[in-house]
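Structures are listed in the sections that come next.
Both complexes shown next keep subunit A, but they swap its partner, so subunit B is in the first and subunit C is in the second.
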Partner chain A sequence: MYTKKRLALPFLLPGLAGILLFYVVPFFGGVWYSLTDGSFENAFVGFDNYLKVWQNPMFQLGLRNTMELSAICAPSLFLLSFLLSLILNRIRPAGRLFRSTVLLPYLMPSSAVLIIWLLWFDYGGPVNHLITLLGGQRVAWLQGSELRVPVVLLFLWKNLGFCVIIFLAALQAIPASLYEYAELEGASFGRQAFSITLPLIVPSAFLVFILSFVNAFRIFKEVYFIGGAYPEEPLYTLQNYMNNMYGKLNYQNVTTAAYSFAVIVFALFGLLFFLQHRAQRGLN
Partner chain B sequence: MRNVKGFRLRLIQVCLGLLAVLLLLPMAQTFLYSFSSMTEMQAFMKTRGSYDETRWMEAHLIPNLVSLGQYHQILIADNTVLWLFINSAMYAALILLGQAAIIPPLAFALSKFRFPGRNGLFFGIILLMLLPFQVTMVPNVLTLRSLGLIDTIWAVVIPMWFAPFYIFLIRQYMVGLPGELIEAAEMDGAGAMSVYFRVILPVCRPILGAAAALSFAESWNLVEQPLTYLTTRMDLQPLSTMFNQLATENTGFEFAGAALYILPALFVYLFFQEDILSGIQLTELK
Partner chain C sequence: MKHENRTGNRLFFLMLCGLMTAWLVCCAAPALASTGDRTVLQADNGDGYSTAYVQDLMVEGRKIYLYMTGSVPNFRVYDMDTGETTVYDMTALQEKLRDTEAEENRTEDGDPATMDIAAWFDWNGEIYAILTRSYSRNGFSQMEGGFVRRLVLSDGQMDLEACELPRLDWSEMLEDGGDWTYSRYVSDHATVGDTLALSCFGDNGEMQLHLFNLQTGETEEREIQDLNDFTPGPDGKLLIARYKWSDTPEMLLELYDMERDEGEPFARYAVESGSIRAVAYREETDTLYFIRNGEIFAAPGRDLENAQSVNDCAIASSGVFTPLTEDGFLIVYGYEGVMLRNTDPAARGSTTIRIRPYSWSEGYNLAYYAFTESHGDIGVVQEDYGDETALLQAMMNQDDRVDIYILSSDSSVYGAVYERGFMGDLSGDEKLVEAVSQMYPMARETASRDGKLVAVPLGLSGESVAYNQKAWEDLGLTEEDVPRTWDQLLDLMETLPEKLAGTAYRAFDFYYTQEGIRGELLMQMLRNYALQHPDESFSEPALQRLTDRVARIDLETLGIFTEEEMETAESRYEELGGMKTALLSINSNPGLTIYDQDTQCLPMAFTAEEQPILPVTMVMAFMNPFSRHPAEAMAYLECLAEHLDLATEYALHEELNEPVRYPDHEEQRKSMEDWLATMKESMASGEDAPSNIRTIVEEIEKELKDFDETHWMLSPAAIRAYRDRAAYLVPARFSFWSQLYGDENGEAFSTLWAGFLKGQKTSGELLSFMDQKIRMMRLEGN
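On to the complex of A and B.
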């Protein structure tokens, strides 16, 4: 550990300067922006912009869709990757090949996969074929709110691997003796998973949960690939609203929408941190 | 832990195998279709969306005629895809170069130096990491506008140089390095700079490889930034934003385009997969 402050400067400065210049300083400048009217005199208008944006139906639609899609995507990503990593951890040497396979989609450019994805979900495509073989009815996946299904699945396809890898890293640090004991006590697989494993990996699990949400807020990417720049209502996200406002040079609204969203995100993460803290204290 | 054995292991392996096939199928199918002739693909793609209750899309697993026509089209006859590909490569290269110069030193300062405000700075970086793009794009836009960088490639490139996730990832790895490593080098008379280049960077190889691969994947798949910052410059758009258009226009060569687009990411993956796996395993992610 180096203690001379001067020594740190050459390492610290370039990055610090960039973070200050591109993130921190304009972040506070933006607060001022969201409180003025953007006219020539740039008069102070207090919270008028916020009230206006919150009442805007497109903002409400975008925010609601972003939150709904995230609320579907993040927990399902979390649960799926937890279960998958539990299974992989139990068949350890044999699961090696699968572990590297599951990571591959995370590095793939998802728009290249999109054509195939749309073919799969076509009205006459293999997904519907499978459904009818199982005795169901065909679904028009590429219209209306059904369009959310391929979007969410594309998101899961892409992000599953990375979460599995983080979980696996944490799982491999758990001593085997704990499970042997649980086995003697006759604990089932599910009971072991949620009473032994999950509490022991709370920090990593928390990271996966948060990262799932951070990624899920960016679901616009998948929406754009499948629904284009002007998607139907069920897919219109906050990013669409902001891009439209930005295109109209309405920076006041862009800033206001962004900061409103920031408050919501931080309230959500604050709550999660609080719950994690309590959960961990309860365990000790 | 007690490993699963016998029949249950077989069953799990079969299920995982099926899942793996499903995960890889889109790529495999893309490569397969890229060797069909253009007319064949155009005819096939035209049928999309026109199926009724009585008809199914054919599986089309084997091309009627193996052809390099699509590749000829995108590589020689028509260079639209090639230009977009070059744009994408340029963004990825510029982003990664800047990150390599800025992020590991910053992570080093945050993990192995003691200075006032260090913890506050790290906390700020974590907050930044948690903020969605919709929020961070606002400060970025304000600065980019005052510097006159909107509608230039730098609007996409420069903010990525300070991507908080990679700072976090590399810092967490460096924190885990034993202090003796530095002390031993100092005994030999090495200054902070040469410790960084000769000791720290070499031992961080796995996490640097992992971060580079993950960052490449992100840069290769940029969507929000080019769409927001380059609205008037269609000529600067990367493949990631323009690919859909290509796919909807039924050009006949979309599969070869997709294959070309996937290939660099595939190579990066094959080259760095061990780094990603071990880098994340050795990092204190909490």
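On to the complex of A and C.
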């Protein structure tokens, strides 16, 4: 047994070397950057950069906006994709067609989609036209905090398909006999969803939830296309801050902001793992 | 035992002598080594004003002939063996050529005429000039040309004499405008055998090549597409340079057979690698030499892409080609100077320092000339201007390739390197510390960090609103009327239509449009606001009110046209009072310049209680902290500090108050006096309409009367005015406009700005955009 392990080592080495070189070293390199002052002397400054960055109003704004947008986008994406996958799983004759088309937005380049999106949400665009037809007032969607609405919708539209596919895969893996048995026992649709479907798809649902958050944290491309490096305040995300700092070659602030955010994300995901573990145990 | 001791002592003594000799040789060798590089001529003497510029250069044997034009034209002959220059005065020749009465100048029909030198060329060891003749027929100017004269140099005078060469057929060089004719400007010349090649520009800006047979005078025009320059080539052919402008632009060198009108490829160069100039060819080694990015390269086998650096050269050469001497020296020349640079890499200086300028300063070349003369063993590569954003990246990578950087103080990159301390400490250099300590406090502060000297100021300039002192007084305005706040300036502008009515003055220069004035005023106002109120929002009601005032100010009643109206107004320039002197100017330089007019820059504030300011930008030179040659770099910085151009020197040093005359002051006075005498003679002879001549005479007399008072390079009044405003100068540490226009939001801002100036956008929209962006940038920090 011991001999076999030693034999495996040479095969693992290239991969491990790659991980070491391209992940571990840059990771610790970044940590080192965040602990130095970036000046000519490049002095070690401990956590000064962290204190400075955390106190920076633009970092705070970016972090707040990123968290807010994520808090809106991730649960919305999760719920919508779950509901849509349930529906698609039920549609039998044309299910395959819908399942394929739902992934299309994910494959389309954001810049191309954004043009259409901006036209729709223009002050004189179809969305406002519809609102006025319904008796409402036009909204300046592309200004101020209202700009978040098209951005969130674009995010949902773009990422929905991918999450639906994961959910569908999980749903289709559930044996049909379980539902047949439940129906014979007189279980309603809701009862089936919460007693059969949900417990069996928790691992996939958790994955979708995590992915939704990860994607929501990275909501930047759309914002950047609309507002550039300095968009309106409600849209300024942490990625804007890091991108601008990178443009100014302030690697210290980039790495400090990145690691600070990583700590928050890890803490959040740790909590989610804990909750998932508890939920899974309860459902089992 | 004693004997052994003596032998030991001798051996020790001999060893000591040997070591001393070796040490001396090692130390002295670099100093004794000579690169042979030398300055033949430095036309720019540091005041940004030259009395003569290099117009043409020819080489005959070991002599370089320079034709200098300007207010004091002359001919210079530099002997490459002795290093001596002899100057030959051109005054007498000029008078002779301009003498309309001279028999040799008259046309064949006997019309009085003047002669001009159209081109020079060298042939069979002699220098020749081609003359054109100008005369008037039926009130229209006429020209003819092709008269060849030989250059005669003797007793410090230059002259032209008749020679055996026939008159050249100049008809192809003349532009016929129906009633008038003029000769095209000759841009280049080369002599190959008995053929003289001249080039000029055609109607569409294309370069035309004309070949003259020097034995018969016959001419032939050749069409060579994309021709840029030419020089004598091997095998009696012309070496020509053509630029092909396409997606991948390239320069093609071809050997042009003049007899067969055919070109054969010689070398090619992809322009993307950086433009090249001063190309020369050595047939014996089949090597092409050229200058790129401040260095001389040698390309054996004519392989320009894989050339090796052999020396440095900061002078910008005028054309593509330049002569190469037999002993391997490139004769590099531009308008401002001539240098001999060795192409032998073995003779190159022991150390080479590299300078990368991102910002221009008048003093660069002065320091380069001075340094290369005094530090022959140190090469200086002065690179072309580049993209400054690469600087910070270089610092992060501890790049030691460049020794000195030159940047504007308002550049964000300067701010970043300053803040992060990527500037070599110059405090150990006593000369530099001493030089900077004598400058104004604003310059010292910009050049210092944490009490250490880190940079050397090289220039100071800016833009501000100004008024014409004489006009101000003539209009009855006093010192008390001088506006100190933006509101007061706008108040003044509102009263101007009344004040200017019926006077010889107008509010602004004719060519300023309404949009231009509004834009410039607004730009300066907002820039000042950003400097004076760094922590305040642009959306403050007070600023919004002022912005609205600028937008609403009635410029139409001040006789200013819109951009649209200007297209037709230009044709009615005189009728619309375009000749009148402007009372106000909107982009005067608050720094000191030799072309300082009688203008007073206006330091401005936003309230009466606030200290008014005049923002300026400073050009700063600093040493790369990672430089491998700190001693040499500091020596060069010393040289830069010592060789500031005149205006900058005065602008930075408070104690310099001695006014400075133009170097050709006396010559210009004499020229005016001569002109006056000629005019008076004409008036007395009654040849022309007397009333016209009387007016001209009166004007010259008036000008001559004021000449000594007004003809200053740095006048007492200009210096005094500068000293008065120096207290208000504030070096900007960030470029407000480049921040707004700089990135992805630049286009949006540009559209918004144009919309505001056209009244399509409100001040609120404009200011909130600026507020958002500038405030975010500031809050982010560097």
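The rule we apply is simple: the second predicted complex is superposed on the first by the 252 of 284 C-alpha atoms of A that agree within 3 Å, B and C clash if a C-alpha of one lies under 4 Å from a C-alpha of the other, contacts with A are read in each partner's own complex, and residues count from 1 in each chain.
By our rule, a contact is a pair of C-beta atoms (placed from the backbone, for glycine too) under 8 Å apart; a residue touches a chain by one contact, two chains touch by 3 or more.
The structure displayed is predicted, hence computed values, not measured ones.
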item: Overlay on subunit A: subunit C relative to subunit B, clash or fit; value: fit
item: Contacts of A:58 with subunit B and subunit C, given as first, second, both or neither; value: second
item: Partner chain(s) touched by A:101 [first = subunit B, second = subunit C, both, neither]; value: first
item: Partner chain in contact with A:228 - subunit B first, subunit C second, else both or neither; value: both
item: Touching partner for A:236 - first (subunit B), second (subunit C), both, neither; value: second
item: Which superposed partner A:251 touches (first subunit B, second subunit C, both, neither); value: both
item: More subunit A residues in contact - subunit B or subunit C; value: B
item: Touching partner for A:267 - first (subunit B), second (subunit C), both, neither; value: neither
item: Contacts of A:29 with subunit B and subunit C, given as first, second, both or neither; value: first
item: Least C-alpha distance (whole Å) that remains between subunit C and subunit B when both complexes are overlaid; value: 7
item: Set intersection of subunit A contacts, subunit C complex versus subunit B complex; value: 224, 228-229, 247, 251
item: Interfacial residue positions of subunit A with respect to subunit C in the complex; value: 37-41, 56-58, 224, 227-230, 232-233, 236, 241, 244-245, 247-251, 253
item: Residues of subunit B touching subunit A in the complex; value: 1-4, 9, 12-13, 16-17, 19-20, 23-27, 29-30, 47-53, 55-57, 59, 101-103, 105-106, 108-110, 112-116, 121, 124-125, 128-143, 158-159, 161-162, 167, 179, 182, 192-193, 196, 213-214, 216-217, 220-221, 223-224, 227-228, 231, 239-241, 243-244, 247, 254-255, 257-259, 261-262, 265-266, 268-269, 273, 276-277, 280-281, 283, 285-286
item: Subunit A contact footprint on subunit C (complex, rising order); value: 392-393, 395-396, 412, 416, 420-423, 625, 743-745, 748, 772-773, 776-777, 779-782
item: Subunit B contact footprint on subunit A (complex, rising order); value: 1-3, 5, 7-8, 10-12, 14-16, 18-19, 21-27, 29-30, 33, 87-92, 94-95, 97-119, 122-126, 129, 138, 142, 157, 160, 165-166, 168-170, 172, 174, 176, 179-180, 183, 203-204, 206-207, 210, 214, 217-218, 220-221, 224-225, 228-229, 238-239, 242-243, 246-247, 251, 254-255, 257-259, 261-262, 265-266, 269
